[in-house]
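Next come two complexes, and both contain chain A; in the first it sits with chain B, in the second with chain C.
The block that comes next holds the complex of A and B.
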């Protein structure tokens, strides 16, 4: 009897054991050891390993590069999240139709998302080039002055945001499209019978019914934008003059270019805390709104 | 009942043992040489060809070569494998990175007697090159080549600009005025730029000019920054002037630099010599020459690829012998390597007719003794943090976003911060 009880309680453990093992080895252990390392001057070169106490953490708060790269990350997130949600929604509304046009829109909206970062950045770096790039070619043809997109402080981040939206909006688009297709046709039918026009249907039916999806997309997008690294590293390498360097690149440079794993761990924990706070706050905000709608 | 029925554990154990034995057996059958390199460009394609020949001539060696991404990714992986004591037998490394790589802990010394036995002597190299490979009296690297900052010129454009001598080669210029006159003549022909150069990362250009002014960087033991502000500014001012006159683009990254020289927007290019293959493939009418002596002394920023033995906890004598023989073989075949642009470090090849007949690769070989290496520090060298800081500070000069003075102040502060950081190696 007791044995059966034990089986019922713990039997499931065996089924999740493979996952649990991977989780512990590749997730839990690195998280713990990273935190542990942040109190040492651990070097990638594996030479010295002295206990520093809170020294790395003190250094971090006095390091302007940490704060400027954190600011860049937040600026990127603030600039990229709204268009990535709104453009995705508009695209989904446009593509949510049957026939060849719907298929063509769905295909072309989602296509960039499947490209790897290296390909995307290669294409866009050429598009942005002064002298022979596509964008500047159009600008000069239209009688405007050339813009040095990737090498001017205040333009480089915008250029990266545009590229990112073009590249990644397809995923949010797909989530919206699925949600749109989940709204029963009868609701619209009833609204039409009551005399609601297209705009009224959009604002009174479609958008409210999509609010849970919007909340999900916003949280996912916010976290994804905060983790920005690859396209910036490949397009500007954080330049010009670190104007686009995100915090993850600074963590990478500290840990892997400068071999200071302990210090990089401390910065990544600061960043980890920020992501958790933002995600929790966001989720609370949006899940509340979802219920009231 | 059968006399013996093996249990599950016995079977598993036996299998494991058998695998281990056969594994060892095949590995020890041939000496193994695993090589890691960072040549992903035109020189990488050439390295593959040379390796194919090596493999064909050495069926008795288990040889494997791996090309990893240039710069920080390569050095990160090399450092981690060496720190763990499970590195490949041999790897390429920039000479400027050797001292910053903690040679005594992460590299194994080169057994000079094996090198001699393979037919390579100290006297086969320029003394300055060899000496930089020696740390605490031990040899930690074998130089393969040198790659200086050079001048590429489009022969058709420069001929129209009247810059070529009767032999069809560019007439050497000396001094700032002559240098500027030359560039203005090129610009008048192209109608666009005179020179294509990487303005987003002007370290090579600046360090060359600063070196030609005989500027110092660190004190003797690399603990203090002793930059000469006046000289540093003179070099930065010249970079600003080139851009403001439109002789160089205000903004060009590496890809744009190559494109602008290829499509004739610029009649000259300042760059490392490794793009030879690119321009040859593009069938461009071009040649190469040493970078002009703009200031007082001939100095040219550059570096050198070397072979190192990254640290292994259990180094096998047979493997090491085969590895040293591989290095010696590569040096003796470095004329093929030189076709990709690099100046061989191995002097018997430099004197060979095979190398001397390589055009334009042999045109700038005279600069070899005057190659200026990056300053010695753990954060310095090709692809290391110091070059990044220089790129960040100096990229605004050509684009007009920063004054030379402000850029220099920023660069000095960044370098000082790196100096103040305890070395992690």
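The block that comes next holds the complex of A and C.
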């Protein structure tokens, strides 16, 4: 009887236990120990050498590399988010059709998303090559001057943004497509009976009904763009002259190249705080709009 | 013959008029959208075709200006040398093992946890769920340094478990699956319970079959994510024989020098398996995303 009671009360915990164990060991603990690290001068093996108090945090605010890499991250986010939302919406509107053509369109738009970052960057570094790359080949064929995309300060970030839009827009496209397919056909029928043409249906029905989805996609995309690292590291290694180095690359370099673990941890937490602020602010904004709609 | 008859009987001309959407007549706007859609699709495919195209050229032709669209004398020589000289097959194997392990473990632990949070009660359940959901906000990149220290101490650097286990912790999967389970009527479970099924039994014989489309979608996204993950495997592997495809390819880029046909051949080989998996499961991916209620 007592045993049954215990099972009744705590039995559910067993279902949660495997996930919980992994969560504690590989997420909660690193989150806490990383924060703890940020007050020490620590080695990569985890040996704490000396307690520094707030020294790492003070260094961080006086380190121009932190602010320039943060600025690069924000510039990338500002440049990449609008096209990643708008192109995705256009694609979803175009591909929301049945039959073989619909299948082919959906395949083409989403295909790059399934590729690893390395494959994507190998292809695009090749495409941006001066002399025999595809982009410059087309430019010279059209009578324009060549551009050394990846080695010119103000072009390198644009090149990374173009590559990123091509690579990742498929995910947002899929979210929009799912939302579009969730709009009941009767709504359009009613509009047609009232004499609404295609454009009116698009602007009066489809886009307003997608506004919640747009809010959600914008939040997800902002947070995803702030996490930029892989494609920049592989395409430009943060160059030229650190013009594209994002904050995560600086965290990586501080920790794994300069072995300043405590310092890397402090920057990690600055970055974490920014992500949380952006996500919470966006969520507030977007859920508020959702309620009024 | 019967098939033929059936197919004619449902042809548009003989099908009785339904109340569904009317097939639109030819319109200029409709044609323009179709043309635009196809052009956009071609633009999106060109980089992939260009990579394939380059990989089939003999090396000298790849750096010739002006560029040639089609290989003058196509060859698979680049593929042969990439496979002969490198660890590509080994990385393929590693990526496959890692991705399957990540996907299987993620599905098992997330389904169990989602069931636990959706259908059982225990003290502290809500607080615990809140903490786990807060984990969605933690960028994995913030964890690389402390995780690496932990792996060093656990002796898991350069092991499959070192690569796999941190990737299994996916609070967003628990959240999505719990939401889906919440929507499944309790009647099915009650019926199973009357038949004497245990709760474990109910998970596998009631909840899992009823959520198959979303599990397939979650599984595919997990698999793609695991196959493509770069930063963590890059940090936790130092031995080339333990690297996954993305990490290995990043390393090998330098060693090919400027042999672009070989670089593109390795890119094609690294990307092809996922394109095939996606082509096969496309329908499930689109439907699963809709089911997940991510559409808001």
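One rule holds in what follows: the second predicted complex is superposed on the first by the 278 of 293 C-alpha atoms of A that agree within 3 Å, B and C clash if a C-alpha of one lies under 4 Å from a C-alpha of the other, contacts with A are read in each partner's own complex, and residues count from 1 in each chain.
In this text, contacts are C-beta pairs under 8 Å (C-beta built on N, C-alpha and C of every residue); 3 or more make two chains touch, one makes a residue touch a chain.
This one's a predicted model, so the numbers in the text were calculated from it and none came from an experiment.
In the overlay built on the shared chain, the residue A:55 is in contact with neither chain B nor chain C. Within the superposed three-chain model, A:68 lies out of touch with both chain B and chain C [touch as defined at top].
Which of chain B and chain C touches more residues of chain A: that partner is C.
Of the two partner chains placed by superposition, A:201 touches none, neither chain B nor chain C.
When the two complexes are overlaid on their common chain A, residue A:126 makes contact with chain B and with chain C alike. In the superposition on chain A, A:256 makes contact with both chain B and chain C. In the superposition on chain A, the residues of chain A touched by chain B in one structure and by chain C in the other are 44-46, 126, 131-132, 256. Those residues of chain C whose C-beta lies close enough to touch chain A in the complex are 20-21, 27, 29, 33-34, 36-38, 40-42, 44-48, 50-51, 54, 62-67, 108-110, 112-113, 115-117, 119-123, 125, 128, 131-132, 135, 137-139, 141-150, 152-153, 165-166, 168-169, 171, 174, 199, 203, 224, 227-228, 230-231, 235, 245-247, 249-250, 253, 260, 263-264, 266-267, 270-271, 274-275, 277-279, 282, 285-286, 289-290, 294-296. Looking at the complex, you find that chain A touches chain C at residues 9-16, 18-20, 22-23, 25-31, 33-34, 37, 42, 44-46, 90-91, 94-95, 101, 103-119, 122-124, 126-127, 131-134, 137, 140-141, 166, 174-175, 177-179, 181-182, 185, 188-189, 198-199, 212-213, 215-216, 226-227, 229-230, 234, 248, 251-252, 255-256, 261, 264-265, 268-269, 271-272, 275-276, 279, 290.
Chain A contributes residues 41, 43-48, 125-126, 129-132, 148, 150-153, 237-242, 253, 256-260 to its touches with chain B in the complex.
Interface of chain B with chain A (complex): residues 72-73, 75-76, 79-80, 82-84, 101-102, 105-106, 199-200, 249-253, 255-256, 259-260, 263, 265, 379, 384-385, 388, 391-393, 395-396, 399, 401-402, 410, 421-422, 424-425.
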